[in-house]
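Have a look at these structures, which come just after this line.
Presented sequentially are two complexes of subunit A, the first with subunit B as partner and the second with subunit C.
Showing the complex of A and B:
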């Protein structure tokens, strides 16, 4: 699912002919091919890669978390902004979820809703500061990240006797351990897909629909593509900035929830490792850093690709330094291939 | 009609949800894989998984090789790629399990939720030991926990520091990650020893979060000595990097500060020999890995824990100038003693 708005052409330029890129030049197709090749390679080297219980099921949970993390970043990349506080927003929201459950005895849905609200409010606050002051989103969210690091430590120290809530709402356990194979209708049981996967897919679908079909989503992309043009077209760009950041906070909160479900506790360390993957998945998938174009499907493929690489290298039992080296090399190769394909497509297009 | 895609999606999801849940029952949880018991030594593959790369765990690497030959294990490996991230560590562990490793000695990155990882492994029938750190709280869901009693070690170190400064004065405590329950135990251990002096000794500062790397620790020590160097009588360190940094810092600044360090980095041992470090608290990493592997083997062979989840102190020793050349003998003796204790006391074998 890709959403893009064209920048308005200069008034005297001849109208550009819409030219479709050939199928093989679509970056999403490239990612799928790469993904298939890597899975084949890892399976050949280590047949355990296809072990459902120990490899494929946990892999799906991981991809789900990092897909949602990527979506949180994608929401602000649509504006050409960044959210460097994505991890801490997740951590603060997870704290809110834990607090509402632990102190008020709330159930899963209410706790989740409270956390999502906190995430959205934090995002909206970042958006508000950016839109009112005009300070770069990089600086604002970086400052927010620092502030939240301290806040989270203080909050956990005051509300718990350690760094995590001792209890979790009922149902989190099922999200952590169960797959659809545990639920049967008569003799027919579901596939071995963890329960967190549909949540991530639903989030991806909603974000995709938001940017593709909703007026607000289109206007956010327009704002990201050319702020001035958007303003002149009557788009309330300041509101759109606040809304996109609120969406980012909301999704970051969901990512925090999914990670808490996967790890088994609402703890202060949630979100520590979100920052780089949050950029990696959307950018690998073709989302532009300058704004105006997002790709949800690409983000899903990007998240899947990074997790498959990580899992495969883990299975090959590389030592620490080699692991990092190879992850870097494989990603670099993936990005270069993508660029190469793009350039080739452009050239072919020019000859046509 | 503007919202129709959302509406349609919502309706579709609701319909699927209803269909899926109607008449759906949950399978009972008896999926636990074949029990870990009854394996021969050469079928047991032990994986030692620390939370990430750290000098403390380096003895585990040699201990893994030693355990493999001595205990005739199928394999023993050491994997430090978890990068201090619980999610990554879970991933590393699952990958090792997929590779056929069936007994795990784990230093959990996050003591507060490592129990869920242990539970996960136990459900699959693997033998699990929590090494060098126990889960937060009172429950340990691994078969056993073999670790330094961090609170006790910090208490011992502080007692030694109080003695070194003559029972009166100001102490500073340098330690690791504040949002870690082991650090909280260390802080409590220091406070306990200081509390026993009836106000004669005060902790004027606790510096946390400086065990990430040596550079961070060096900077923190330099800042501390510049700001408060003259008011400080003694420093207690309960983490590796701050200990090394403090030993270097005090030697360079030539301040009359008594230092009780932790572990046996060369800088610290040299400091003890030349008198710039008063003493150090040694832990027993090699013993944890060796005895841990031994217990994991026994559990895989069919023994059970007399008390599942038992917490065993792997020992901590104060080393001063007097015993700096002979401490290795004490440590070895403690390791042998632990192994005997596992045989006679903690394990029940048919």
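Showing the complex of A and C:
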């Protein structure tokens, strides 16, 4: 259920590491093993974990949302940048979707397109400021987050009577509740997979293809790997920075849309919980913060791992505080193990 | 623009001067706009009382920025230490001084743990503190669940309300802490080593400075300052619950960044950080005085942070052009 695309290190990776790391040092494989172990553990403790209707279907919806959130962060991590406003961009875009539907009576597709446009424009604005001024992306997107947090509340207070739009475009209900099992051709019905899953997979595939095969995507990675070298090779690095940030905003908007579909409303609280998971999914999947390389497949696995942990601890009826405590610990352990494996592999490589 | 270990040179003082002018002008303008209401004893005291925590939390972030790191757990840690101090006084029945020391020690310990994790795992500090933030949030909630602690030590409460020469005692504590942090970075060997590590880890290593030790020291100090912020919160607010610290993360970055501290490390500006916290507080008070939607404050602070950074870049370009 994940995109079979991953980008290796860009062609201009430093020649200091000529040898590829051995297979067992691949973080993706570690994640798969961890995922399988956790699912086995949760199933032993609570067999309801494998209950399709109760657990697996909502779990797939959650993974879809957070995979897309992770992709939004991944788009700028490719540059070595960060987007701290990812949640707020999603919220602003969701507001635009709700507004276009509520005030103009637009349908699902038009509303979605308007929201995606708003997201892309916000991202492009961030990218423009960063590339024009050379200010650290952390600061720019942090300031943007500050500004948007205020804006969203004001917008919702003025356009609705509270914190959410009362109506949703038709078709959102289907996205929320239906699975492919509800659609039959004759006697053959689809599997019990929510309708949002293919949207997320399509997004992951497109992002993967973008970074792997498209000229713009490769040039974004090169810009992230070594900006000066990229510039000297004739790559319009400023333009690529704007594009990568616009892509991040666009995907954040899509994440906002998917969460609105899952929650059943365009509300001001969309995106509140995006920041931490947006980093966890790509970082667990082996994408570095320094830029120059991304792993879409790893991001999908990272998102799946995080959501499986949440769901499992939830099913085991952990309290909110314990939930946070354990998820933090598990993530630290996963990151440290990954790091440990990497160091070990490098040492082995050096001895050969 | 290499302001590495030779911080506080003439060039780095300039933004502080600008900030000071803006702060004074803003304060006077607000005093006039409110018809002198701002200068009445009660309002002025409240102004400075609630300035104490933003100053200390801004310094807490600044210390890790000095070595080119970030500490996302400052807010959650402040809340956790505050809850722990209140728990020690109410549930364990310990006297206030011991609870205060324990809160400081707890902050220091968690900060050191952050630093050790960063050094041992070699994972980016941003990610490590993101993870520990989640853990600390869980611990903070675990102290007392959703309930509120109140009615603890009268002495501590009295200290929170006390004022000396018209200035709240907690504000004076914050200023004293700021002076100590300033002296630490300008006068002590350990502080200079932190700046050297932040400015150029490679050069620092060649000069015989342990970068690992610098990282651990910086994170430990940051945790300790979060502990100080927690004690101030407990003393000044009179009741604490598990939401303490949730609204501190963004201001903790806003103060040093507006104050001119670079994210790349190697330079600090205590004066700038304090002045920036003052400015943010001015915007806050303006909101309260004129009954503006509090959400505009976030919008304005966002714009101010961005504006400050842009000004800094423009100034750098001008300086480059003139030399």
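One rule holds for everything that comes next: the second predicted complex is superposed on the first by the 334 of 352 C-alpha atoms of A that agree within 3 Å, B and C clash if a C-alpha of one lies under 4 Å from a C-alpha of the other, contacts with A are read in each partner's own complex, and residues count from 1 in each chain.
FYI, a residue touches a chain if its C-beta (ideal position, glycine included) is under 8 Å from a C-beta of that chain, and two chains touch if they have at least 3 such contacts.
Small disclaimer: the values here were computed from a predicted structure and weren't measured.
Of the two partner chains placed around the shared chain by superposition, subunit B is the only one that A:176 touches, whereas subunit C remains out of contact. Once chain A of one complex is fitted onto chain A of the other, the partner contacts of A:214 are limited to subunit B, with no touch recorded for subunit C.
Shared-chain residue A:314: touches subunit B; no touch with subunit C. Contact with both subunit B and subunit C is seen for A:323 once the two complexes are overlaid on the shared chain.
Applying the stated contact rule after C-alpha superposition, one finds that A:153 touches each of subunit B and subunit C.
Between subunit B and subunit C, B contacts the larger number of subunit A residues. Of the two partner chains, subunit C is the only one touched by A:145; subunit B is not. Residue overlap on subunit A between the subunit B contacts of one complex and the subunit C contacts of the other covers 153, 320, 323. By the touch rule above, subunit C contacts subunit A in their complex via residues 70, 117, 120-124, 126-128, 130-142, 145, 250, 253-254, 257, 263-264, 293, 295-303, 305-306, 309-310, 313. Residues 2-3, 5-6, 9, 13, 20, 22-27, 53, 77, 79-81, 83, 85-88, 90-92, 94-100, 109-113, 115-117, 119-120, 123-124, 136-137, 178-181, 184 of subunit B touch subunit A in their complex. The residues of subunit A lying in touch with subunit C in their complex are 82, 129, 133-136, 138-140, 142-151, 153-154, 157, 276, 279-280, 283, 289, 320-329, 331-332, 335-336, 339, 343. Only residues 46, 48-49, 51, 53-55, 58, 62, 65, 153, 156, 161-164, 166, 176-178, 181-186, 189-190, 202, 205-206, 209, 212-215, 259, 262-265, 267-269, 272-273, 310-311, 314-315, 317-320, 323 of subunit A touch subunit B when the two sit together in their complex.
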